[in-house]
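Next up is a structure, given as structure tokens.
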Amino acid sequence: MRGLLNHRLFPALAMSAVVVLLPLVFPSAYYYRVAALVFVFALAAVGLNLLMGFAGQVSLGHAGFMGIGAYAVAIGPTHLNLPSWLAFVGGAGLSALVAFAVGRPILRLKGHYLAVATLGFGLLLAIAFSNEARFTGGPDGMAVPRLAVFGLSVRGAQAWYWITAASFLIGAVLSLNLIESPTGRALRAIHDSEVAARVLGVDVARMKLAIFVVSAVYASVAGSYFAFLNGHITPDVSGFLRSIELVAMVVLGGLGSVAGSLVGAALLVMLPQTLTSLHDYEHMALGLIIMVVMIFLRAGIVPTLARALRRA
Amino acid sequence: MPAYANRGAVIAVLLAIWAGQACAQVKLGAVLSVTGPASFLGDPEKKTLEMYVDDINAKGGVNGQKLQLVVYDDGADANAARTFATRLVEEDKVVAMVGGTTTGATLAMMPVFEEAQIPLISLAGAVQIIEPVRKWVFKTPHTDRMACQKIFADLKQRNLTTIALISGTDAFGKSMRDQCVAVAPQAGISIAHEESYGPRDSDMTPQLTNIKGKAGVQAVINPGFGQGPAIVTRNYRQLGIALPVYQSHGVASKQFIELAGPAADGVRLPAAALLVAEKLPDNDAQKPVVVAYTQTYQQKTGQPVSTFGGHAYDGLMILVEAAKRAGSFDAAKVRDEIEKTKNFVGTGGIVNMSPNDHLGLDLSAFRMLEIKAGDWTLVQ
Amino acid sequence: MTELLQFAFSGLTVGAVYALVALGFTLIYNSCDVINFAQGEFVMLGGMTTVFLGLAGVPLPLAACLAVVLTVAVGLALHRFAIEPARDSGAVVLIIITIGASIFLRGAAQVIFDKRFHTLPPFVGGEAIRVAGAAILPQSLVVLAGAVIILVLLCAFIERTLIGKAMVATAANEIAARLVGIDTRGVVGLSFAISAAIGAVAGILITPVALTSYDVGTLLALKGFAAAMLGGIGSAVGAVVGGLVLGLLEAYAAGYVSSQYKDAVAFLVILIVLLAMPRGLFGRAPVERV
């Protein structure tokens, strides 16, 4: 039993169980949709967690990559006549390219300076998406054609629930494997002390860039799903508030915990839905909950609870 | 168990269901941007809907049933709007919706209502909501294209043909700017220069300086809403630009005059008759409706009336009238009756819908107003 | 020439507000390594409280003083109830806490105040002053003067008073400061209080020009943060210079390049500056313990 709990893929197993059992309690399509949204954001959060939790690099502009993925599957079929799946892959590729090009210079910055640089990057993309109305439909956004696989178009919240859940689980497994691999250990070394890591022979710049690109691809895939799910995309998919939301999901769930990313995403996606009964007091409650969770569960929800359970 | 007990149980259950239906509440949905960048629009909309649903219920409801308003706040986020739309359809099981404060939110929600076959009356401004006409989607506010056409007509009357545009980069400003550019050629207006500003910017003097320096400009139009136009107007006077300036219906509330101060004198804009309720001639068909709405709104909220709340009023009343004519809240019947709305006197104008026109307003629904001495006046 | 001057006036006016917000960021960062994203809400509270007290009949000068006092109280409460309990957490956790605080304060402002825009009458006259063909509002000069005065007062406070020196000591090494008897908790609380006061004053000064509403804080926090980093976080002079430079960049980008992309241009320039000077304009290279 102890061996199962400690196995590196245990979180993925636990989450798979949740994914399979959850639909049994869903009364309507609305729940499937919210769950699908949770998985979409959780996927982006897992990628950001790799960057922030393991490599220790702060990014306040990660929603920019979500925007690239989202607009790729909107612009591709609409303006370039590409099939949706190709636009999907193309978006991920483009995000990787942009991450590579932008990451090289800005990853030389440290701490809050890196945060500002990524912030600027996210803002630049959001502004471009909003202004270039000819391609992007401007601030009102544009429609996203349905994804068609082998001639069948994917419709309905249920279908998307399974697709996004499966993608998230795959992403989580990849992430868990990466963490336990030599690359993952190198990342954690960089997080603890860049100088010491360099002394040990880790190519710090290359590692940071690699993980930045990987996290960008995660975000891009999540962004594409987001666009498909909504059927309509607006520039605030890559806005500052979205980026902050992603960072909050990662930190609330637990930096360095993959299951934590799912919990954090679930919290921030479901809270606005559950707090609607508070009407005018919704934002006060949201802010209060975030503060309270962070003060009392300092390491994040999942790590703190895991620690408490282990002690018990 | 004896057979009659079973039958008795079935009858009891059926009676209970029937009784339940008789005092059942009909749910109306509203997804509004009560917080966020469009709260300037969404807040009066919410207040209006709430106050008039209460009023209708106090008078006995519609078709013998009370209305229950379900309001969700999307914060001007299209994703949240879409989620709430699904929630309204799947969970709350609404029979219709009056809402969608912003165009982005409306566009995101339209497919949900079309698929569920539930009528949606939008409160957003862009012409693309009703063009192309979608079976289940209607709208009450005047389109941004109409605003451009009304302004251009006024410009032609004053013999001004070369203009400059300074627009907000928010959805409303951008959409109206696009429409103005599109209809300018056929109206005989040429656009000499364009500038833009962010909706939260606090100083527009660089942009206005560029406009001031451009030779040949005879008038300036400012598509935008919220605080931006007030700041543009103040900066305009600060720089001493004497050219005529036009605002859009996005500033249609007394608050604009308060914020812009003395700089607002001489500003013209197309707006619904609601803003000049008291000043309308007594034989104006809209006068009773707009005066009543103005008094009710200002009395209940203590804030000046705005056309955004007026559009919500129109949407709700069109829906209620349609339901009354249909005799039930069956979605398809209500939709058909909404489409048959004729000579409905609302705050925005007199509405005549048809299968090809899901707005029902023409240019006469817009009045050209000018601000004089801190108050709205009708331009004849 | 007229244009150049006009753009400069616009940039300096807006830049002065960014400078004050950046100053608030720097002050708190210096004392406890926290980036306080609720800084923008202090500005909002200053302006909105003054407006609403004024509407309730309180004479404006008194309303302004009360607004500053209230904002200082909020700043102290933020420190005492949100930051202090989580003292030993990582930087990112504290950032999220301040973000939660800013959401909370915005939500509270919606309920307590309202969602509309408001203005205050300008302090000195209303007509623009013409200088070489360019027009500047007297209120803009008030904002600029306010920023400079606050900077001077702050520097004097830090350099000349004992408490100021205690703040410097706490920033340099918290444990050592405690060992010599400095109440570091009090010092950090004081830095929050001063930051809140600076923010509130900025809000009151800028409202006659830029209007105020319950959500002006978000964008200001963003730009103030960028300005603080541009100037080099940790340097008060850097914060003010960073703010003014950011304002000027935006104005010149709007005037000469493209009004649509002015924010993008400004951020691009910040990025380039940071790549060339990774510690910002006035930042000192920190010593990293290996």
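Letters A, B and C mark the chains as written, and numbering starts fresh at 1 in each.
Assume a contact is a pair of C-beta atoms (placed from the backbone, for glycine too) under 8 Å apart; a residue touches a chain by one contact, two chains touch by 3 or more.
Being a predicted model, the structure only gives us computed values, none of them experimental.
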Quick one: point me to the chain whose Cα centre is farthest from that of chain C. B
More C-beta pairs touching across which pair, A-B or A-C? A-C
When the centre of a chain is set as the mean of its C-alpha atoms, what distance in Å lies between chain A and chain B? 36
Counting only Cα atoms for the centres, state how far chain A is from chain C in Å. 31
For chain C, give me the residues that contact two or more of the other chains. 110, 260, 263
Where in chain A do residues touch two or more of the other chains? 131, 282-283
Using the touch rule from the top of the page, what residues of chain B touch 2 or more other chains? 35, 169
Which of the residues in chain A end up touching chain C in this complex? 52, 58, 105-106, 108-113, 115-117, 119-121, 123-124, 127-128, 131, 193, 195-196, 240-241, 244, 247-248, 251-252, 255, 280-291, 294-295, 298
Touching residues on chain A, where the partner in the complex is chain B: 27-30, 33-34, 37, 130-131, 133, 138-141, 143, 157, 226, 230-234, 236-237, 272-273, 276, 279, 282-283
Along chain B, where are the residues that touch chain C in the complex? 34-37, 39-40, 43, 169, 195-198, 200, 202-203, 205-207, 209-210, 213, 226-227, 230-231, 237-240, 255, 258-259, 261-262, 303
Touching residues on chain B, where the partner in the complex is chain A: 35, 71-73, 77-80, 82-83, 86-87, 89-91, 102-104, 107-108, 111, 126, 128, 169-171, 174-175, 178
For chain C, which residues are in contact with chain B within the complex? 2-3, 6-7, 9-11, 13-14, 17, 110, 114-119, 126, 128, 135, 137, 206, 209-211, 213, 215-216, 219, 251-252, 254-255, 259-260, 262-263
